[in-house]
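What follows is a set of structures for review.
After this come two complexes, each holding subunit A, first together with subunit B and then together with subunit C.
Up next, the complex of A and B:
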C-alpha cells in the first residue's frame, strides 16, 4: 500500500512545513512532549474548545493528512492507541472519587472512550465508512496497519486513514515513573541512547497516514508489510520471526538499506536488540528514533513517519556520509516492554 | 475466492449464568439477570438495578484460576474464553496459527478506581499492582497468557460495538489466511466509572429495562464476557464435534451524527445492516431473527427501529433484545449476543424480549414476547451500536 500523505504531531518540528531536521528539539529531564500546532487552522474553534489535548492532536494530524492527500472521503478510518484519552479518563475518575460519585458532568466521560478520535474525524468529515480502534498496547498501531492492509486487499477500500496516538499526562507520567519506566536522573534526549541506564524518557505523539491501494504522483513510500508478535521466549524466536516476515515479503536481510530500531536507552529494553545488531543487522546502517520522540506504546507510528520521510528525501540524514545509499527498503523493528514486538517494511515507490 | 469461516466453539458468562448451558436455560425459562446491585461497591447501590454476574471477585478468582487481585474484567474474560476453547474440542493448538482477539472498554478500571482513592491524596501512594493492568490491552494479555496463545493477540475498543468488531476482525484474519483459529469476542466488568458515566448521561433506568417498549425509560448496565471460536474450513472439517454455524457476512459503518447519540433516521444502523445483507447476498426476507442492539434508551431503540422499518419494510423478521436478560454489557455485548445468535441458528431458538408491554408508535413490528423454537432459523442478524457512531451488524447462517 502506498503512503499518499502523512502528518505527524510529535516532540519534534514534524508538523506542517516545518523542517524538522534543521532544528531538532532538545529536552532535558525524563520526558519529551509534543510541539502542538495552531489548531484553529485545522479545526473549527468552536469545536476545539470542547476537545482535550489528545483529541486535538489526533484530529488535527488526521485532518491535515487528509488535506495533504486531497482525500475528503476516506473508505475507512482506523486508529491505534494503547491508553486512549487518558486526560479525560483522569478528569472523570478524579471527580468521581473526590465528589463521592455525586454531581458529575458527562463531558469527560463522553470523551474518555477509546474510539473518540476516529469517531470525531468521522463526524467532522461526515464519513459513514468503516471505523475501528485498536487498543492493543505496543501493537495498537501495527494492528491498525494490518486492518488497513486487509481492507485494501479485500477490495473493501481504496483509501484508508490510519493513525497511532498516545499522550502522556501528569498522572500517567507519575505512575509509570513509579513503575520504573523513566530515568530517575535528568538526562538530555540526545544523550539518552549514549548513556544506557535504568529507564528511558517518556514520549507521546500523533502520526497519521493516508494509505492507498493505487499509486499516485506524490507518494512518500510504500508499506510492504507489517507483522507483530507477542512475548517471544528468546532471541532465536525473534530471529525466526524476522526471517519469516522477510521471506513473506520476498525480501532478504541484505537488501535492507536501513534498519530503524526501537532502542530507548534502558539497559533491559535495549538488550533485546543487542544480538540482532551484532549479527543480523550488521550489514545495514542502523538508526534509532526514540531520542526524537521518547518512549510510548504507539511510537512505531513515529518510526513509520520517519522511515517514509527519509525514503521520500532519498537518503537518510541520520546515517554518516560514507554509509549513504539511496533508500529502497527500510525495516523497522520495535518492541514495547518486551511484550508486543513488531516489524514494518517500507520501500521506495 | 473468499474462504468461509465457521463457528466451532462458544463461551459466555453473564448475569443469567456462568456457562453457555446456564445462559440458555435462563433464556428458555425467561429468567432475567437484572437485580439490585450486590457486588459493585458504589454509592448508587440502591438506585439502579444492573445485570451483575452473580459471583464475588473471590469466587471469580476461584472459577477462573487467576490469583486474587486481578481485574474482574480479566476474570470474566478467562472464564468465557476457556469455555469457548474447550467447547471447540481442538486436539492440539500447537501447530495451528491461533489468535485471541478480545474487546473491552473498561480495561482494569475496577482496580484503577481503588488505586485512585489513595493516589489522589498523595501521588506516591496507591498500590501499583492495582494500576498495572489499567490498559484495555493488558486485560487481553493476561487472558492470552492463561490460554497459552501467543501467535496473534489483539484488542479492540469501539465502545458498545467493540466485540462485534473483534469478531469481524477475527473472521478477516482467517479469510486472509493469516490465522487458522481465532477466539473472538469481548469482556467488560461493571465499574463505578461506567455506572457514574452513564448516570451523567441520564440514560439509566431505575427499574428493570424495557427495550423496544413505548414506555422504555433507559438501560440497565450489565457485565460479562462472550466468545466464539472462529475456524477456517480446513480446521472445521477436521473437527469431530458439531459446528454451530457459518459466519462471513458483516458490516462496520459509522453514524457520523453525534459522539453519544444515534441519528433519528438510524443512518449508521441502516448502513451496517444493509452492508451485512449485501455482503451475504441475502434479501431482507431471508433473515429469520434479529438480535437487536435494543438498549432500552429512547434514542437507541427509536433510531434502530427506524432503520429496521426501512430495511425490512413489509416483512419484519422475529426480533428481540436479550439486554432485558443481561443488561447492556458494553464491550462484551457483541460477544455475548454472538453466542446467543449462534445458538439460535444451530438450534432454531427465538429469544423473548422480556417485559415488553406496549408497541412503539409508528413502528410496524412487535418484538417476540416468549421463548420459542422454530424449525427454520436460517440466518440471524445481530446488531451492535456504540458511542462514536460505531455501528456493526453480523449475520450468522445455518450450515
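Up next, the complex of A and C:
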C-alpha cells in the first residue's frame, strides 16, 4: 500500500514542516510534549471548543493528511491508540466522584471513548464509511495498519486514513512514573540514549497516513508489510520472527538500507536490541527515533512517518555521509515494554 | 444576567465570546448563538449545579433555553416558592 500523504504532530516541529531535522527540539526532564499548531486555522472554532488536546491533535493531523492527499471522502478511517482520550476520561471520572455521580457534564463523557478521534473526523467529513479504532496497547497502530492493508488488498477500499495517537496527561505521567517507566533524574532527550539507566522519557504524538491501493505520482513511500508478535521468550525467537517477516516480503537483511529501532535509553528495554544490533543489523545503518518523540505505545506511527519522510527525501539525514545510500528499503523494529514487538517494512516507490 | 452569560460561556467553552456579545433576547440555538443538543444538556447541568434547579418537564426545554433572559426568568420562577 502506498503512502500518498502523511501528517505528524509530535514533540518536534514536524507538522507542515519538511525541514524539521534542522531545527530539532530539545527537552530536559522526563518527558517530551507535542508542539501543537494553531488549531483555529485547521478546525472550525465552533467545533474545536469541545475538543480536548488529543482530539485536536488527532483531528488536525487527520484533516491535514486528507488535504495533502486531496481526498475528501476516504473509504475507511482507522485509528490506533493505547490510552485513548485520557484527559476527557480523567475529567469525567473526577467530576463523577466530586459531584457524587450527579449532574455530570455530558461532553467529557461523550469524548472519553477511545474512538472519539476517528468518529470526529468522520463527523467533520460526513463520512459514513468503515470506521474503526484499535486499542491493543503497544500494537494498536500496527493493528490499525494491518486492518487498512486487508481492506486495500481485498478490494474493500481504495483510500484509507490511518492514524496512531496517544497523549500524556499529568495523571497518566504520574502513574507511569510511579511504575518505573520514566527517569527519576533529569535528562536531555539528546543524551537519553548515551546515558542508559532505569526508565526513559515519556512521549506522545499523532501521526496520520493516507494509504492507497494504487500508486500515484506523489507517493511518499510504500508500506510492504507489517507484523507484530507478543512477548517473545528470547532473542532467538525475535531473530526468527524477523527472518520469517523478511522472507514473507521476499527481502533479506542485507537489502535493508536503514534500520530504525525503538531504543529508548532504558537498560532493560535496550537490552532487547543489543544482540540484533551487534550481529543481525550490523551491516545496515541503524537510527533510533525515541529521542525525538519519547516513549509511548503508538510511537511506531512516528517511526513510520520518519521512515516515509526520509525515503521521500531520498536519503537519511541522521546517517553520516560516508554511509549514505539512496533509501530503497527501511525496516522498523520496535517493542513496547518487551510485550508488543513489531516490524514494519517500507520501500521507495 | 451578566453572571449567567459568563457561566454559559465557561460551561460551553465558547471561544472568543464575551458576555456583552450575547444579547439578552438573542436566540441561543439555531441561527443565534448556534448551540446544539449537547449544549442543551450542558445547560441543564449548569442549572442543576449552580442554581440547584431541575428541569422537571423536558418539553419545556425549548421555551426555557430560548435566550439568556428566558433562562434567568426560569431560575427566578423556581426560586420564589423556596424563598
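Definition applied: the second predicted complex is superposed on the first by the 347 of 349 C-alpha atoms of A that agree within 3 Å, B and C clash if a C-alpha of one lies under 4 Å from a C-alpha of the other, contacts with A are read in each partner's own complex, and residues count from 1 in each chain.
The rule is short, and it goes like this: contacts are C-beta pairs under 8 Å (C-beta built on N, C-alpha and C of every residue); 3 or more make two chains touch, one makes a residue touch a chain.
Computed from a predicted model, the values in this text were never measured in an experiment.
**Q** Superposed on subunit A, are subunit B and subunit C clashing or fitting side by side?
**A** fit
**Q** How wide is the angle at the Cα centre of subunit A, looking out to the Cα centres of subunit B and subunit C, in steps of 10 degrees?
**A** Reported to the nearest 10, the angle reads 60 degrees.
**Q** Is A:288 touching anything from subunit B or subunit C once the two structures are fitted on A? First, second, both or neither.
**A** neither
**Q** I'd like to know which partner A:110 touches here: subunit B for first, subunit C for second, both or neither.
**A** So A:110 meets both subunit B and subunit C here.
**Q** Does subunit B (first) or subunit C (second) touch A:300, or do both, or does neither?
**A** So A:300 meets neither subunit B nor subunit C here.
**Q** What is the contact status of A:102 with respect to subunit B (first) and subunit C (second): first, second, both, or neither?
**A** both
**Q** First (subunit B), second (subunit C), both or neither: which does A:174 touch?
**A** After superposition on chain A, A:174 lies in contact with subunit B alone.
**Q** For the overlaid complexes, name the partner, subunit B or subunit C, with more touching residues on subunit A.
**A** B
**Q** Touch check for A:135: first (subunit B), second (subunit C), both, or neither?
**A** It touches subunit B, and subunit C stays clear.
**Q** First (subunit B), second (subunit C), both or neither: which does A:231 touch?
**A** Only subunit B; A:231 stays clear of subunit C.
**Q** By the touch definition at the top of the document, which applies to A:45: first (subunit B), second (subunit C), both, or neither?
**A** second
**Q** State whether A:241 touches subunit B only (first), subunit C only (second), both chains, or neither.
**A** Neither subunit B nor subunit C is touched by A:241.
**Q** With the two complexes overlaid on chain A, what is the closest approach of subunit B to subunit C, counting only CA atoms, in Å?
**A** After superposing on chain A, subunit B and subunit C come no closer than 8 Å at C-alpha.
**Q** Under the contact definition given at the top, report the residues of subunit A touching subunit B in one complex and subunit C in the other.
**A** Comparing the two interfaces on subunit A, one with subunit B and one with subunit C, the shared residues are 102, 104-106, 110.
**Q** Within their complex, state which residues of subunit A touch subunit C.
**A** The contact residues of subunit A facing subunit C are 45-46, 48-50, 99, 102-107, 110.
**Q** For subunit C, which residues count as touching subunit A in their complex?
**A** So the residues of subunit C in touch with subunit A come to 11-16, 34, 38, 41-42, 45, 48-49.
**Q** Under the stated contact criterion, what part of subunit A meets subunit B in this complex?
**A** Interface residues on subunit A, with respect to subunit B: 77, 82-84, 89, 92-94, 96-98, 100-102, 104-106, 109-116, 118-120, 122-123, 125-137, 139-140, 143, 146-147, 150, 153-154, 171, 174-175, 178-179, 228-231, 339-340.
**Q** What residues of subunit B sit close enough to touch subunit A in their complex?
**A** So the residues of subunit B touching subunit A come out as 42-44, 105, 107, 112-113, 116-117, 119-120, 123-124, 128, 131-132, 135-138, 140-141, 144-145, 150-159, 165, 169, 172-173, 175-176, 178, 192-193, 196-197, 199-201, 252-260, 267-268, 271, 386-390.
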